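Quick heads-up: structures coming right below.
Next come two complexes built around subunit A: one with subunit B, the other with subunit C.
After this line comes the complex of A and B, so read on.
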């Protein structure tokens, strides 16, 4: 079973590498966020913000890399839509692989490829901030690896629940808008109005940003302790990987993807 | 003209058929206004935003212009889809000249941007009035609308030109993202132009970025709204000239690109 699952995951990673154009553009997008907005915003903020964050530029860079991980993990659903459009699903179903293996492989492949893509950019951010505690970074990377799986599972769940590509693209845009803004990826919780701060505490992106900042040694701004962040990510990963597999498996029956 | 009206009707019907898209866009703009702008208002120094009373008032016109840009950009997405699904063949079979077809699509993209942006502009005017008591004159509103229309039609042209350069939806979406970020971040949408110029003088950011921000039509659009609502920066006719140039270049580029694709 593991061999089959890994074969499916390998296929997804290889497919991802074919999107050279998109990968380069996404990396440029990340650099634009940090080098343009991050740099100017760092100069715009009050002295209090610099005191709370230690350095707002580092704080922002560490948050933006998490939003990139999130947006890349979501990408697996676009492949699922493309396959449905081009009749590749029938081919996949004809392979000597069970449906459960196929679905599990997609979830793992989606998480793995996004993590492999974002990990070097995370290292760039860590080098910029200064790596002091390698063991912490290792824990943070393991947690973020699970986070990427969870986001892929969530994306697959949404993709198989909505047949229209356009609606999916839009729904994902809305979800991104609120999930990113109502998290601590871009700003510390102390500057958020109370109602937003409460929502941010239950946001998986906050857990991911917190654990990455903890790994990077930017501890002053964390709103959850590292143990709770890891626990939150594990719960998020378990829930959406499980739900995504069930939904996708059901949708594959009887041509439900068409 | 009557034929172009038919095309406008076709594109507006399509636009309002995308209820999900409109709902999604509204959510994104609301998220920017009620979450991001509110939080950054607590974070941005008064030295930067003081001339505009606070960052929320500064950012509201910025959100209006980003909404206009995103809505006007939507036409490119539809034309890309028509190309992929070969609906363009059906359009060619209709009794329109190719020029009418090309120009009608650019115009409808621009008008759709204006229609979508209108409630946000009204909200921005209302919010500014509540906080400052300022209301723009009739001439001020007219100048704002003309400027925004030029930004909108130029954006529609830019989007169509980009959508015709690839049949891949993913490539179009990603390229759109990059164009969004460059035009949004190298502009006065998020930060005042004089602050960007100051950072340029101090050598904190490269002069090239300052030049892009100064020439960016989104800067001209956002600053025109601020001029008449907040009184700062002072209105400069060059702002209108900037967006007129942007509109002419991309309306022509998209018209030629569309004709070339249709004839190919």
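After this line comes the complex of A and C, so read on.
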């Protein structure tokens, strides 16, 4: 059981390493976000923001690295679409492994590869801010791995539900707009209108950003107890792993992909 | 003992019935060939057996497991090489095959030995680290076949084993399929190449429009067509319709096919005895013979006979 799951995950991690072009460009994107946007925005924001966030630049850098983790974890679906185009989905379904092992392996693989990719960048951010709490950082990293795992599961669930690459692209764009902007990745919750703030409190991205900032020692802006964030992340990933398995079984069998 | 049993196995895609109440048993240890024109439902049947698609109706038992109720167990026994190679373009054959071998539970020493063997036999060793993206169609097909030859499942399904593969490669693959059988695997193939089916199969089933037309050993099928023998005659001139009608009236002639106006195929019984009578007939009707050839029917004729798709029809 575990062996199969790990083999499936290993395949996804290896495949990710083949996308050198994308990996380099995404790192450049990240660089531009902090060195350009973060830097300028930091000069722009008024004192009252800095009082809440501490240095806004740090606050922003910690948030944006989480959005990168999120978007790299979503990336697993693009592999699933490519595989559908090449008929590889049918190959995977024909293997002597269960559907459950297959989805679990892919969600773990998708999460693990994005985590491995983003972890060095997270370390860079932590080095900038100052690593004062190693134990907290460890907890934060474990939670963020689970978060990435959950995001992959969510991505797989959506991909196999809509089965159309074009629609998935558009849906994902819209979903990202909402899920990122209705979270505390880029701005502290105190500046949000009440209705937005309520929604942001149920957003896994908020939990992830919060737990990372907690690990980094940026405490002033946390919206909840860090352990509630961890709990939120665990609920999130369990939900999508479970739903992912059901959808994968239901939607991918009985008539192939198309 | 039957290792696979299909009972009213049916698959519908919307209004189209791709496989229509198929009833078949496949015996342990045999090579079983599925024949049928394009779109007959061969691939759809095989995909149901490997549990990639679910039947709409009916069932199949694979090695004692119902494919709808216990698909995970059925898949432990069965492996498939697909008609179109299913390869992720960013990977190399080396990665594809090693990963496949690991997932199929081979030990590390078995894996090393068999991957090396398959890549060498199939002339891919030198290209093992190239991405399959840069491969030709035939090379990709070789990688696809290599998967099943490495896996050596109890039941091996091979959909079109040698399409796109050159003639030397075909012979190698045929030998490897026979070796797989000798090692105890039951093999199911689907093919459009009647020669291939005849060469390899212990039994063949002919499908047409989702339905099973006939199933037996190639030899019995060939014997079963009336007018079991065959004479092909090419004339110097075109044969008029009336001549053909007269020809049909000769005792023991069963059927005359007009392949071209001067090219006739005559199905008959005990050809050697009436050959003189036939040559005489053409001399009398002032139709000089350019060439004459006698042969036994091939699986082509069986196929044409059962599917009603004649070469005559194809040439129209």
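Just so we're on the same page, the second predicted complex is superposed on the first by the 256 of 258 C-alpha atoms of A that agree within 3 Å, B and C clash if a C-alpha of one lies under 4 Å from a C-alpha of the other, contacts with A are read in each partner's own complex, and residues count from 1 in each chain.
FYI, contacts are C-beta pairs under 8 Å (C-beta built on N, C-alpha and C of every residue); 3 or more make two chains touch, one makes a residue touch a chain.
All figures in this text were calculated on a predicted structure; none of them were measured in a lab.
Chemist: Who does A:98 touch here: subunit B (first), subunit C (second), both, or neither?
Modeler: After superposition on chain A, A:98 lies in contact with subunit C alone.
Chemist: Check the residue A:49 against both partner chains and state whether it touches subunit B (first), subunit C (second), both, or neither.
Modeler: In the superposed model, A:49 contacts subunit B only, not subunit C.
Chemist: Contacts for A:187 in the overlay, against subunit B (first) and subunit C (second): which applies, first, second, both or neither?
Modeler: In the superposition, A:187 touches subunit B alone.
Chemist: In the superposed arrangement, does A:39 touch subunit B (first), subunit C (second), both or neither?
Modeler: first
Chemist: I want to verify the contact counts: of subunit B and subunit C, which reaches more residues of subunit A?
Modeler: B
Chemist: Applying the touch criterion given at the start, work out whether A:18 contacts subunit B, subunit C, both or neither, answering first, second, both or neither.
Modeler: second
Chemist: Who does A:251 touch here: subunit B (first), subunit C (second), both, or neither?
Modeler: neither
Chemist: Which partner does A:113 contact after superposing on A: first (subunit B), second (subunit C), both, neither?
Modeler: neither
Chemist: For subunit A, which residues lie in the overlap of the subunit B contacts and the subunit C contacts?
Modeler: Subunit A residues touching both partners: 19.
Chemist: For subunit B, which residues count as touching subunit A in their complex?
Modeler: Listed in rising order, the residues are 18, 20-21, 23-25, 27-28, 31-32, 35-36, 38-40, 42-46, 48, 169-171, 173-175, 177-178, 181-182, 185-186, 190-191, 195-196, 199, 204-205, 209.
Chemist: Hey, which residues of subunit A end up touching subunit B in the complex?
Modeler: Its residues touching subunit B are 19, 21-22, 25-26, 28-29, 32-33, 36-37, 39-41, 43-47, 49, 78, 164-167, 169-171, 173-174, 177-178, 181-182, 186-187, 191-193, 196.
Chemist: Considering the complex alone, what residue numbers of subunit C touch subunit A?
Modeler: Touch list, subunit C to subunit A: 13, 47, 50-54, 72, 75-76, 79-80, 82, 84, 86-91, 95, 99-100, 102-105, 153.
Chemist: Which residues of subunit A touch subunit C in the complex?
Modeler: Residues 4, 7-8, 10-11, 14-15, 18-19, 82-83, 86-88, 90-91, 93-99, 253-256 of subunit A touch subunit C in their complex.
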